[in-house]
Structures are given as C-alpha cells and as structure tokens.
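Listed after this line are the structures, all set down as structure tokens.
Both of the next two complexes hold chain A, though its partner changes from chain B to chain C.
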Partner chain A sequence: MANLKTVSKKSKAQSMGMHTEVLTGRTQQKFFNPDEAENFYYFGTYDVDFNKRTELDVKDMTAPEANKEIDNLMSQGYGTIVIKNPQGKHSLGVGILNKLNLIFEGSLGYFGMGSCDGPIVRINGRVGWSCAENLMAGKVVIEKNAGSCFGAAIRGGDLICKGSVGARTGIDMKGGTIIIGGDAGAFTGFMMQRGRIIILGDVGINLGDSMYDGTIFVGGEIGSYGSDAVDAELTKSDQDWLKRKLKVAEIGENFDVSKMKKIVAGKKLWNYDNLEPTEKKGAI
Partner chain B sequence: MCGIAGLIHRGKSSNVGSELQGMLQALKHRGEDSTGYALYGDTDGKNFIMRFKVGENVGEGSSSVMEDVSVYDERKKIVDETLSEMGAKIVKEERTLPYSLRYEIDYNVKDLLEFSQRIESIPGVEILSMGKSLEVIKDLGNAKMVCDRYSLDKVVGTHAIGHARMATESGVDIKSAHPFWGYPFSDVSVVHNGQLTNYWNNRRVLENKGMRFMSECDSELIAVYLAEKMRDGATLEEGMKASLTGLDGVFTYFVATKDSLGMAKDTMAAKPLVLYESDDLVAMGSEEIAIRSVLPQEIDTYDPFDGEVKVWQI
Partner chain C sequence: MPKKKSKKVSKTKEIKGQLGKKKETAREKMIGQSIGYRYDVNLLPDYSKLTPFLKKYIEAMGWDDLNWLEDVHMGYEEDRAAVFCRNANGWVTIPKSIKLPNNQQDRDMIARELLVKFQMSPKHPLVDLKKAYLKF
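Right after this comes the complex of A and B.
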C-alpha cells in the first residue's frame, strides 16, 4: 500500500491489534471505537434464531414482495429461510444486512443477493448477472453456473460458484474472496483493487486487466493477460491459504494448489492509495 | 437495452408462436417499443411465404409518416400486378392489418434477388421475409400486443427467434424493428442485442457490392453481412465466425435458417445471453426468465463465453 507507516498505538482498536498502520494521502481513516458499541445501531437488522426455520414460496411474488417478506420473517426472528420457486427472478435477496441462513431452492436472475452484509446463502441453482454485487460480509454459495459480473465490487465475504462464471468476474472488487470451481470468462478481475480470486478451471482473455491490487490464482489455462497483470511467485503461505480456503468452501478440496498460477498487479498503472474502512466492521 | 430470445425443437414441432410470445413478454422490461417474431412454421414447402408491408406504423423518432389506407390499397394493387408479370401466382392472401400482408406464392425460382428488387422498387413496399418456412412479423408494442394483433399464438413449427426492442439508434417503426430478413436469401433471419460501431463503414462496403439496406438500424448490418458471406459461398457458421472480427462493437445475435439456429457473442462478452441445451430443445434469451416461461422447472443453464459461436440443427 502507498505511504503506509507503522505508528504508535493510539486508539482502542489499534491496541486490540487490528491495525498498526496509518493511511495518508486521500485516505479517510475512520476507526470504530468499541466503547461506543452500545450506541451503534445498524439499520435493518434483527435478532434471529438460526434454529427457527421457515419456507417461503415466491412463485407468485414479485421481487420486491419477496424481499419484503424475507425482511418480515427476519423481524419475527426466523434465522433460517428456505426460498422455494425463485424461477430466475431478478433482485432476490438484496440488501440483507443481517446474520441469516438463506437457502434458495432454484435459480436467480440478475442482481441476486446484491448489497448484502452478513448472510450465509446457498443457491441450489444458477445465478444471472451481477450476483452478490457489493457484498460486504457473509458467504454466498452457488451450486451451478453464474453469469457475468459475478461478485462485482464486493468488499468482503466469500463468494463461491461451483460451476463456471461469465465475463468480468470480480470487476472492481475491493476485498473478500471469489472462488470458482469451473471456468471464468474474459476480463476476470478487471480493475480489481483488493481481495482474491481463485479459479480452478480455465480463464478467458485479458485476465486481471488494469488491476490495481489483489491476487488472482488460476488452476487451468489463461486466455491472455490484461494490461499490467503479471505473474508472481506462489509461496508456501499462498498454498496453505488456498488449501484452507478450498476446504472451507467445500470445493476442490483435493485440488493440487502447488500448480496454480498467481497473478498480481504489475503496478505500472498504479496510482491508488485508498483503503476501505473495513477496520470498523472488524471491531464489531 | 433490447432483449432477444430463441428456441429450436429438435426432431419435433411445437407451438413456437405461443412459446416465443411467452419468452419475449418475459423480457418486455428490456424494451417494448416494438416486438418482432421470426417463426419457422410447418408448411408443405411447395410455396413461398412472403410477409410484406405497404406502409408504416410510425412511432417516436421515425423518419416515416403515417399514410391513408387508400395509399396502401394502391400499393397492394401494384404488388399484385408485378407478381403477375413475373409469373408468380398468389395461392393465398391474408391482410392482417391495412399495411401488413401475407401472401403464399407459387413461384419457381431459387434466386430471390431479382424478385425482391422488383417488389421493393414499388415505393413504400418492403418485404419483411421471404421463404418456404420463415415468416417475420414485427410491429410496435410488446410481445403480447403483437402476438394478439397477428394471431401468432397458434403457429406451430420447429424453431423461432424474436426481439423486444428499446429504440436507440433509430426511430420507432416497423422498418427498424427486428428480426431482419437475410435478404435475398430464403428463410434467413437475424435478431441482435447490442450496438455496432463500424456500421457505416461496413454498410458502404456492402452497398458497393450490391447488398440492400432498408433501415438505418445498425442491427440490419448483421443480416446483410451474413447474407453477403453466404452469397460468396461461406456456410452460416463460417459467416458467423467471420462476424466476430468483421463487426465491431458489442453484440449478441441469433440467426436462423430453414433448418438451423445459431448464436454469436462478441469478444468482450458485453451483452447477456443465457442458454439451455438438451437433446430435444435449445432455448436461449437475454435473461433466464425468458427460458423459464417455457421451462418453469429447475434446469441447468449457462452463459456462453466471449467470442463463442454455436449452431444447432432441427
């Protein structure tokens, strides 16, 4: 990172060891103070019981109706919700800022699980374009294939597709991890800024084009490298992390990670010193 | 934005008119300025089916003007006389709307170029499609409105492609609506989602080679481009593969012939396409909900990758 310095501990969050750096330049540094936790209100969240389970058939619902009903069920304390008959509808499950076990028995259309923060989601089907866009935290698992712009601009959490994904996967991502069990399309990791992408299969042309930072791991063939995407050494630490991540993701557990390629930014295009204030979330 | 949809039944016929209507109606949020169908119906294959218009249905931004029905009648009369002069016998005649007609023609010729040029030399007349199986029906409004207006829900056939249009590059009228006939080839039609940025360069080259453009819609270029490739001896698939580099811009398009259906996606994969493929049915559309209108059960679908070309036979 640009202009990072190690400084003496100042805040409680720093004293907890969550960070030691101070950010300069255009960075706006805001650290969460745990002493203020009781005054902190996270809009749209509920206390839910994961053992309290219900089903919701959305066959005859519009997406807004379905999303409002999910919110209503969370407000009643349901911590596990099974969605029946999503039938490729767009924008299902968006804006969930809660811990929640959400299971879709079928496929989603565009923008499924967009702008979420915290839920654990399993989609027993396929997803369309821009699944889990802007994900902040949580885990989204797709059992089949995914469309383009998978995980666009995510900032945290784990996004896992057991099948193949379309073009521009992880475009503009700023954190988190995307794991692909199959192949990925063109411009994967386009303009990514932080985070990691793991692709066990092949990937299309212009991989990591104009990436600022972050890391891409590829198990198969690479169509071509994008501007400023370069190979890097796959370290023992990388391999250990990959094994752990694939195991947790229940995907490619026996995959030979030692043969994976590691791609990072060459930083010849680099003009970037903004970091996300993720420390705030970490302190919660 | 626009939405496209297509399906092909392999080894059997089905109610493709109703099926395509459902697929396109599911995509109406992508555009409902106009909707078009290219239906490949079950016919005996003896006569040509000519869908043509003798006037326009004019919407916002169109360079055409609304005309009196008496003008349409006069043009129809000239078309009838011209067909008679060329030795083409009208076997069956339907006039769905004052400006829209469907003729079944007994005409024994393989090269439709001269035939089409003669008919379209009549001012205000445009052939929407010509073929032994293909019928292109397009008009203003969403899929259901067009389907109801032209009674398409009963059409039985093997395959079909269609388009729900949000007008961007040209006005709202029938001449700019998709699908486009692959003039002058029998039974060739094209629908497109995207934008072609080397339209005028290609158009100038193709017009110098004698190809014809009826609209200012960039998508028409695909039909003419493929028609020119096939005229020079290329197969449909070869023409489609050449289009990946010959056409600049972002596009996903479908092309259909009498016995096949194909798709091509540009090298940046900028336009969406979801595909379902089984032994007896291929269905595809800009969004999964289009496919769900004919296959509501849980199915396996995928997005074709960048630069991909696929062709299926009936």
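Right after this comes the complex of A and C.
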C-alpha cells in the first residue's frame, strides 16, 4: 500500500482546503527562516546596473568564447549588453543566471538562450530550434520567427515570439508562459505538464497532445486536437490575465481575447503514480 | 422541565479531490491515494493582492509582472503549509508563526514572497553545492 497517513483531527491547513491527504516520505523538507534579509538576487551573482551599457561583436568568436565574454562583462557590472553579428551561431547566451538586459542584433541558431534564469533578452532576428530551452525565469522576446521545439521544457518566465513558430512548441513545458503572435505548428503543447501557451494565430494538428496539465489559449483556427486535449470555459479571470500578458508581450494589445479558445487536459491519461506499489510488490 | 438543548450537527464540507469523498478512478482506489497536484496549478494570480516585497522584486529584476512566480502556489507538506522550491527540489515549510489568510490568492502571494527570500538566502542548499562543485 502507499504510505498514506490518515489524520482524524482536521488541521488548520486542511480546514482551509489546502490539501486532502497526507503523503509522507516522498519529498525533502526544508525549513524557512522568515528573518532573512531583503535580497532579490541569487547568492554569488553579479551586481549589474541596467544603465551601464556596452557592445560585444561576436563575429570572430566561438559560442563558448562569446558566452564567457558576456559573463566577464556582467562581472564588471554591465547590465545592458548589445551583441553584434551573432550570425546564427548556436548556443549563444546560455546559462545566464543573472539579472541582465541582453540585446542580439541579428539571428541565433540552435539552443539560443538555453537554461537561463532571470535575464531580459531581445533578439532582433530569427531563432533556430529549441530557443530558450529550460528557461527558469526572465523574459525572451523574438522579433521574427522561431524554429521547432520553441520553449522546450521551460519551467518559468515569459517567452515571446512576435512571428510564427515551428512544431512541438512548449513540448514538455513545466511552467512559464509562451506567447506567439503568429501561427504555431503541429503538436504544440505536446506532453505539457504546467504553464500556459498563448497563440494569437492558427495552430496545426494535434494541439496539446498527451498534455498532463496547463492551459493553451488559441485565437485562430485549430488544425485538430491531440489526445486528451479538451475545450474549457474562458473565464473573466482568464481574460484579464490574457490582456495583461499581451501587454507585457508588446503584441496583440487590441486583440479581442473574449473570442479566444481555451484548451486544457481532459485528465483521462492520469493513470500513473511514482510508487507503483502493486507492481513493485509483484516484482519482489 | 428544562428544554433539551438540541445539539448542533456540523455539516461536513465535501472537499474536492479527497479520497472517499468523490468518485475515484480505479487506479486511485488501488493505490489508496489521490493522483494529482496539491493545489490548482492553473490558478492565475490576482495582481491586486501583490505584496510590497513582490512589487520591489519585480522592479529590481526589470520585469513587468510576477514572471516565474506566477507558477508558485502555497501547498502543504507533512500537514504544514509549504511552498515547493524547484532549486532545492524540496518543500519549504512555512513557520507556524506566520498567520495564513483564508484565501488561496493571498496565501499564494505569501508563498511567492517567502520563496524568493529562501532562494536568495546565503543559507540556501545550492550555495554549498555551488561552492563545492562550481567549475568555472
């Protein structure tokens, strides 16, 4: 049997409806000290100033060299860095765990801005596959189009493409918001687990296929629904949030959000658990 | 004869998702636990409830809204209010001294504020890991 503890007396948390069962021994537990000083940045990150601006020409640099130089500039306190001549190089701007204003004057190749946590990035061109993969926090804006797997497995932050995107956008995403001004390809939101996708244009076949949770908002036509993706009612709270988010994304400010379609998981595929007790017992 | 005091029968409120109180799936019956998250992961934040700390945090980061914190909610761990820290991969328990409001939106804002304080603290578990394993 699963490690399920029955609690006869209702605790405050239970009476508030915060939970319905107690599971033990499955996660770590950390205790928070509320007397922590007011601090907005990760320990050991650079103290940068948005008003301190510099330019970096990466024409004759490899991607690792360029990324190291970005880190070096941040260590000198530069908060706004303009990258010249990115020329479609792959893996540019990856692993930035700092507050930063980063501007690319050109296009990026594959895996641009991967595994970032915090920066505000503007890319004035296009991006290749898997842009901003595993984004944790921050804002990434692409002025033109993006390739496949846009925002793959992102966990937080805002990822915005003003143009159109390829297939499998938001595949396996676990949080955050992806906003697309144009159209999106097939299998958008494939296996998504949390987070939100907003598409102002049309979307291809198998939208939200095998999605576990999360929400997809579509303004245009839907090619077809994927397995377990179902329509849901667009609430007033959804509409207010959509208006706010489109303003943040600098696109579709006059878009009529009340006509958008909302797609969620039907939850018919919710048939797993991480203990698999019966199976384990059988194996022993 | 004194009037008999009629005992008040407290109505038990049915909680959505509680085992035995709703129609469970065959899988849930078999494993004896609910399958799903501990809170509504799709709950959108109510920006009118932003705390002064969170306003300052948004401004310091140069963002326009809660950004990654939109996905943070107050849950529970071991029967205590807690927030999940994705960096430590564990639940951060909220001290009992902190009074929790009877409203999920307000509780979520408190969870966000406390999580930021926890993650940015020099006592965060990742700080030691970084010292031990940072390569460049």
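Methods note: the second predicted complex is superposed on the first by the 226 of 284 C-alpha atoms of A that agree within 3 Å, B and C clash if a C-alpha of one lies under 4 Å from a C-alpha of the other, contacts with A are read in each partner's own complex, and residues count from 1 in each chain.
Convention: a residue touches a chain if its C-beta (ideal position, glycine included) is under 8 Å from a C-beta of that chain, and two chains touch if they have at least 3 such contacts.
Please read these numbers as outputs of a predicted model, since none were measured by experiment.
K.L.:
Counting only touches as set out at the top, which of chain B and chain C does A:Met136 meet: first, second, both, neither?
P.N.:
second
K.L.:
For A:Thr215 in the superposed arrangement: first (chain B), second (chain C), both or neither?
P.N.:
The answer is second: A:Thr215 touches chain C but not chain B.
K.L.:
Applying the document's definition of touch, where does A:Gly128 land relative to chain B and chain C: first, second, both, or neither?
P.N.:
first
K.L.:
Touching A:Ile103 in the superposition: chain B (first), chain C (second), both, neither?
P.N.:
A:Ile103: touches no partner chain.
K.L.:
So, does A:Ala186 touch the first partner chain B, the second partner chain C, both, or neither?
P.N.:
A:Ala186: touches chain B, not chain C.
K.L.:
Would you check which partner chain A:Asp158 touches, where first means chain B only, second means chain C only, and both and neither mean what they say?
P.N.:
In the superposition, A:Asp158 touches chain C alone.
K.L.:
Quick one: name whichever of chain B and chain C touches more residues of chain A.
P.N.:
Per-residue touch count on chain A favours C.
K.L.:
Is A:Gly118 touching the first partner chain B, the second partner chain C, both, or neither of them?
P.N.:
A:Gly118 contacts chain C only, not chain B.
K.L.:
Chain A residues touched by both chain B and chain C?
P.N.:
Touching chain B in the first complex and chain C in the second, no residue of chain A appears in both lists.
K.L.:
Chain C touches which residues of chain A in the complex?
P.N.:
Within the complex, chain A touches chain C at residues 1-2, 4, 7, 11-14, 16-24, 27-34, 36, 38-44, 50, 99, 101, 118, 120, 136-139, 155-158, 175-177, 194-195, 213-215, 237-238, 241, 244-245, 247-248, 264, 270-273, 275, 277-278.
K.L.:
Once bound in the complex, which stretches of chain A touch chain B?
P.N.:
So the residues of chain A touching chain B come out as 87-90, 105-107, 109-110, 125-126, 128-129, 144-148, 163-168, 183, 185-187, 204-205.
K.L.:
Please give the residue numbers of chain C that touch chain A in the complex, ascending.
P.N.:
Those in contact with chain A are residues 15-19, 21, 25, 27, 30-39, 41-42, 44-47, 53, 56-57, 60-65, 67-71, 74-82, 85-86, 88-95, 97-98, 100, 102, 104, 107, 114, 116-125, 127, 130.
K.L.:
What does chain B use to touch chain A in their complex?
P.N.:
Residues in contact with chain A: 267-270, 272, 274, 287-289, 291-292, 296, 298-303, 305-306.
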